[in-house]
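Multiple structures follow.
First chain A sits with chain B, and in the next complex the same chain sits with chain C.
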Partner chain A sequence: MKAIATLTRPERGTALLLSIGLAVLGLVMAAVARQGVMATHGMMAVALGLFLSVALAGAMNEPEPPADRLHRYYDAPTRFGIGLTLIWAVIGMGVGVWVAALLYWPEGTPPWPWTSFGRLRPVHTSGVIFGFGGNALIATSFHVLQRTSRARLADSVSPWFILIGFNLFCLWAASGYLMGSTQSKEYAEAEWYADIWLVVVWVTYFVLYIRTLARRNEPHIYVANWYYMAFILVVAMLHIVNNIALPVNLGTAESFPVWAGVQDAMIQWWYGHNAVAFFLTAGFLGMLYYFLPVRSGRPIWSYRLSIISFWGIVFFYIWVGSHHLHYTALPYWVQTLGMTFSVMLLVPSWASAGNAIATLNGAWHKVRDDATLRFMFVAAVFYGLSTFEGSFLAIRPVNSLSHYTDWTVGHVHSGTLGWVAMIVFGAIYTLVPQLSGRETMAWPRAIEWHFWLAVGGTLIYVVSMWNAGITQGLMWRAYDEGGALSYSFIETVEAMAPYYLLRTIGGGMFLTGAILCALNCRATFRDAPALPDTSERPLSPQPAE
Partner chain B sequence: MSAHRDQPPEVDPVTGYDTTGHDWNGIKELNTPFPRIVIWALVITFVYSVIAWVLLPAFPWGRDYTRGLLGLDQRELAVEQFRKMDAVRQDWLPRFADADYAALAGDEALMAQAMPAAARLFQDNCAACHGATGDGGPGFPVLSDGYWLWGGDPETIAETLRYGINATHPDTRIAEMPSFNWMSREERAAMASHVAGMLDGRSDPDSAAGVSFVENCAACHGEAGEGGLDIGAPSLIDEAVIYGQDRASVMRTLFDGRAGVMPAWEGRLSEAEIGLLALYVSGLSRADAEDAQ
Partner chain C sequence: MLKLHYNLEKVSMGLVVAIIVAASIGGIVEIAPLFRIDETVQLPEDLRPNTPLELAGREIFIREGCYACHSQMVRSLGDELDRYGPYSLAAESAYDHPMLWGSKRTGPDLARLGEKYSDDWHVAHLIDPRAVVPASIMPAYPWLMRPLDTGLLRDGLATLARLGVPYDEAQIAAAPADALAQSRPDSTEAEGFIERWGEEIALRDFDGDPARLTEMDALVAYLQSLGRLTDAPYRLMAAEEGAQ
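On to the complex of A and B.
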């Protein structure tokens, strides 16, 4: 446990107390629940708490870290977080390819309930959004926060609490879905005790962020930190409001939301769309605003544009959730507001994408030669494409064609594969050699392979879903001259077969690239030169790269 | 460590703009003027929004909301579009509410227009159990083989559709294969072999099981198991049994009994749609017979 060596003895003591506390909490959960999902989750917490306690107790008397560590950045949590990011990438995307294959080949559904489509699908969505995306955000935010503030993280135990606690939430969520536990809110399926646990973790994250920022040795706060802070703060707000629920009793993984009817739908999509805005956009824009200029060695093209776009995105996004409920029981006026704000939102979105691409002026030769920077360039392009598509689909008459079709699925994946995952891979390929004290990744050629697999996979996925969605939408609304439906529903399902096959192939390519990335990172970390404390860097401005 | 200070701006050689003097671990920013095109884009999208807000329902206002100059209401719009589409169907669909199916079937122009629509109606409402082409499935009858448990003329099919079988409708058809679990296991086994053997004529009507068959089963299935009484009991001498007629399946049927359900469609489909489907379904077996020739 190299990580424990970075803690002082009193910090190890605190960590040990927290680990014992986790084991006790798990034991209480299991005792109150006695059986079912919550008891299983309690025992998972007991196992994790005991494992950490034993590891900490065993390493209690190992040598302490050097006293000058406080003048160095604390990178061990970032390295741990990147490892978790890659593990969740393989799990989340692997299950994604699995469910895509089930849609093409439904006869392949195994006969037991745990692997039915309805249970696997949230494992995919939570696995990639929270497991892959969330860990990437937390890991990179620690790195970016320290560099742009020229300050070490405010303390050494809470980063571990945040990462381990967050991953316990992810594990509870994913294993709960497989056991049939869900509160049936999309992207917020985890049950009440997991939600409360996430609030504790998230508040700790926010406090650590603010404390570190308060210790900064820079006169201003860099725009990346504004984005990371918006991500942390607004996600807390969304998570709490959408998940307010009354447990059936304190021993079951079942609850009733306090929201009902059309209000529940509105709260859910206010949450759902702002999860896209503040989880999948704001945090990753923070990542982009740090790693793109660092990798390209170019100044941000416009300081003013970066700040005004930030406030534009934050202000406009929070209104637009109702565009998920066009032509429903939601009042027309709420739909109009959602639609118009979605259209205005395009301006700050494109301003950010444009600012990123203009930043590359003067570095196009690097984009051509460096697959890592190319990941970031493609991310900025797909960010622009999918935000345009999002504003377009939010217009009511367009939505009447696209809603409930696979076009929505294609749109989401052009954002998540093309934008979110690409910027994560760009950041990882920049960070991992740095954290290993190396010049390059262990297998530089594999980055090139990963890049083309990712771009090819994304394009095949997105184009096939555009075709599928538009075909579906047109078939559903087609009437013959006598006013009867032109197609039965099953005909519109059968028409999807070639697109679903292509989607599975595209997703499979993307997954292959992610596995390649994980192996490459493992090889790089293992092949780190045996320098003392390579991860602990002095608190000084470093040359870019 | 002393607080980092802003540095004097320098000129970026590529763009010619000054930097802001901020330095974030090597990251610098250009002091580029705010781009005009972004301001114009904001103005255009804002004007679009204002127009939408004026024309459409847009803002809450006390207990009410601003109605918009166009006075649109999405419920009225939906009903209006439904009426418009319904009007297109008025010159053919309502005629199928008329029970004179022979006359309807004779109107070739009408049937040419209506049968494709009926096929879609069948696929959307019936195919989940009976298969997209009426080929049935395990536990669900084939509709295209000319064999009927209740009768295959359009009038009878319409009645089955309307009221269902073992359904919740008060006028539902009722058919039950009772359980024969009061028989000894040996008797049931002998009966199962007898019934399974009826398919290829291996069964001996004079055997103990054969006598028992006449006493217990013939009332519904016919003396020789020929069925065809249109009371829901299948023939046992052809392939009409939907639950399987191998020995093991018959054992299970004898022990548990059977009472399959066909839901009642009255109220879910209009009388015209039921008539349309009745004609379509009665035609399925005829189409199959024509194919066979």
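On to the complex of A and C.
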């Protein structure tokens, strides 16, 4: 356990206490529940707590880290977080490709309940959003926070608590869905105790962020940190309000949300769309604002534009959730507000995308030669494209055609594959060699392969879903001369088959690229010199202002 | 403005407060009034909550993730009225914790599904969709013929009552028994069920196996109740058509 060697003896003691605490918490959960999903989850916590306790106790008397560690950045948690990111990428995208295949080949569903489409689908969404995206955000935020503040993380135990705790949440969520435990709120399916646990982890994350910022040796807080802070704060707000629920009793995972009907729908999509805004956009813009200038060697093009786009995004986004509920039983004026703000949102979104692309001015030769930088460039382009598409789809008459169809799925994936995953891969390929004390990745050519697999896969996916969605939307509303509907529902399902096949192929290409990335990172980490020097931007000895 | 921001970004807690304020306004404006509207919009008098058996079916619907492919929200668009029936009213899901309006129609909308197909059709379709609809891409659910666990129903109804769903104490106390009774029309318990829930509610063996209370009973009972908890949407549509 190389990670334990980076902790001092008192820190190992604290970590041991926390691990024992986790095991006890798990035991209490299992004892109260006695059976069912919650008991299984309790036993998972016991197993994890015991494993960590044994590892820590066994390494208690290992040599301590050198005394000058406080003058260096703390990168071990970032390295661990990137590993988790890649594991979840393979799991989450793998399940995604599998459920995509099931839509083309439904007979392929095995006869067991836990492998059914409806249970696997949230494993895909939570796996990629929280497992892949969340770990990537936490890991890179630790890196960016330290570099832009010229300060070491405020303490050495809480980063581990945050990463391990967050992944326990992801594991509870994913395994719960397989066992049939879900709140059914999209992208917030995890049950009540997992939700409470996530709040504890998130508060720790916020406190670590603020404490580290307080130690900064730079008077200004860099743009990337504004975005990471908006991500942490607003996600907490959304998560708490959307997930308020009454458990049926304290010994079961089952619960009922306190919200019902139209209020529940509004709160769900206020959450749902702002999970897109503050989880899948704000955090990753933080990543973009740091790694794009670092990799291209160019400063951000416009400071003013970053201010305008930041506050535009924070203020406008929160209004747009109701565009998910056009023509429904939600009051008309709320739908109209949602549509209006969705269109206005294009201004700060394109300001961000434009700012990123203009930053590359003078570095286009690098974009041509460096696949890593090209990942970031493509991410900024897809960010611009999918925010345009989003504003367009939010317009009421357009939405009447697109809603409930695969056009929405295509839109989401142009954002998540084209923008979110691309910027993550760009950040990973920048970070991993640096964290390994090397100049380049172990297999530089594989980055090029990954890039083209990712771009090709995304385009195939998105174009096939556009076709699927528009075709089905038009078929649903087609009338014959006699004034009757032209197509039965099942005929519109049959028309989807070729697109579902193509989508599976596109997703498969994207997954292949991600596996290549994971293997490449593994090879790079394995080949790392014993103690990488990562002080490319040294801590300055002066205290913060 | 730029100068103001130049100073703001030196104060971490200042940024924190500004982010929270900026990100709160939209939500407050859009969500808070909905709770007032609910007080002023009257619920239809004939609106009833789900019976224990239907509620158990709803939990199975949620457990299997059916909502990922089936919406329960007919929009006020002409082709949807022709395809599915009257558009959905807010009042219809007033007792739904959570709502299941859905976001994707890989399969058709289910808001008006109740009593559209026979129980036998549903059972055959859930066990093997392609036996009934050859081109269907829905997964099969053969395990639904296992016994229904009614252990949490009493606590479930009590929890919903605490959240404002109008279940009375007798209904809560008899919840597990009533789940069984709703599938056994000839049993002595059926009288108690009618007494507590009324005569209008479907009281029959849903899964074709009268000897056992299965998850299939619950799910089919729930599917047959969709759109049948109030007649308000049908009355409204009839009134609108009459006015034209």
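Note that in this section the second predicted complex is superposed on the first by the 531 of 545 C-alpha atoms of A that agree within 3 Å, B and C clash if a C-alpha of one lies under 4 Å from a C-alpha of the other, contacts with A are read in each partner's own complex, and residues count from 1 in each chain.
Note that in this section a contact is a pair of C-beta atoms (placed from the backbone, for glycine too) under 8 Å apart; a residue touches a chain by one contact, two chains touch by 3 or more.
All figures in this text were calculated on a predicted structure; none of them were measured in a lab.
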Larger residue footprint on chain A, choosing between chain B and chain C, goes to C
Figure out whether A:Asn249 sits in contact with chain B (first) or chain C (second), or with both, or with neither. second
After the superposition on A, what does A:Ala230 contact: first (chain B), second (chain C), both or neither? second
Applying the document's definition of touch, where does A:Tyr327 land relative to chain B and chain C: first, second, both, or neither? both
Tell me which partner A:Thr408 touches in the superposition: chain B (first), chain C (second), both or neither.
second
| said: Between chain B and chain C, whom does A:Ser116 touch in the aligned arrangement: first, second, both, or neither? | reply: second
In the superposed arrangement, does A:Thr340 touch chain B (first), chain C (second), both or neither? first
**Message:** Looking at A:Trp259 after the superposition, I want to know if it touches chain B, chain C, both of them or none. Which is it: first, second, both, neither?
**Reply:** second
Regarding the shared-chain residue A:Asn217, is it in contact with chain B (first), chain C (second), both, or neither? first
Return first, second, both or neither, reflecting whether A:Gly362 touches chain B, chain C, both chains, or no partner chain.
first
In chain A, both chain B and chain C touch residues 219-220, 304, 327, 331, 337, 341, 479, 484-485, 489-490
Seen from chain A, its contact residues with chain C in the complex are 102-104, 106-107, 109, 111-113, 116-119, 121-122, 177, 180-186, 210, 213-214, 219-221, 226, 229-230, 233-234, 237, 241, 246-249, 252, 254-268, 270, 278, 304, 307, 311, 314-322, 324-331, 334, 337-338, 341, 400, 403-405, 408-409, 476-477, 479, 484-485, 489-490, 493-494, 545
Per the touch rule above, chain A residues touching chain B in the complex are 71, 147-148, 150, 217-220, 222, 290, 293-294, 298-306, 308, 327, 331-333, 335-337, 339-341, 343-344, 346-347, 350-351, 354, 361-362, 479-491, 539, 541-544
Chain C contacts chain A in the complex at 2, 5-6, 9-10, 12-13, 15-16, 19-20, 22-27, 29-31, 34-35, 37-38, 59, 62-69, 71, 73, 75-79, 82-83, 87-109, 129-130, 133, 135-143, 152, 155-156, 159-160, 162-165
Contacts from chain B onto chain A in the complex sit at residues 1-6, 12-15, 19-20, 22-35, 38, 41-42, 45-46, 48-49, 52-53, 56-60, 65-66, 68, 72-74, 78, 85-89, 92-93, 113-114, 116-117, 119-124, 127, 132
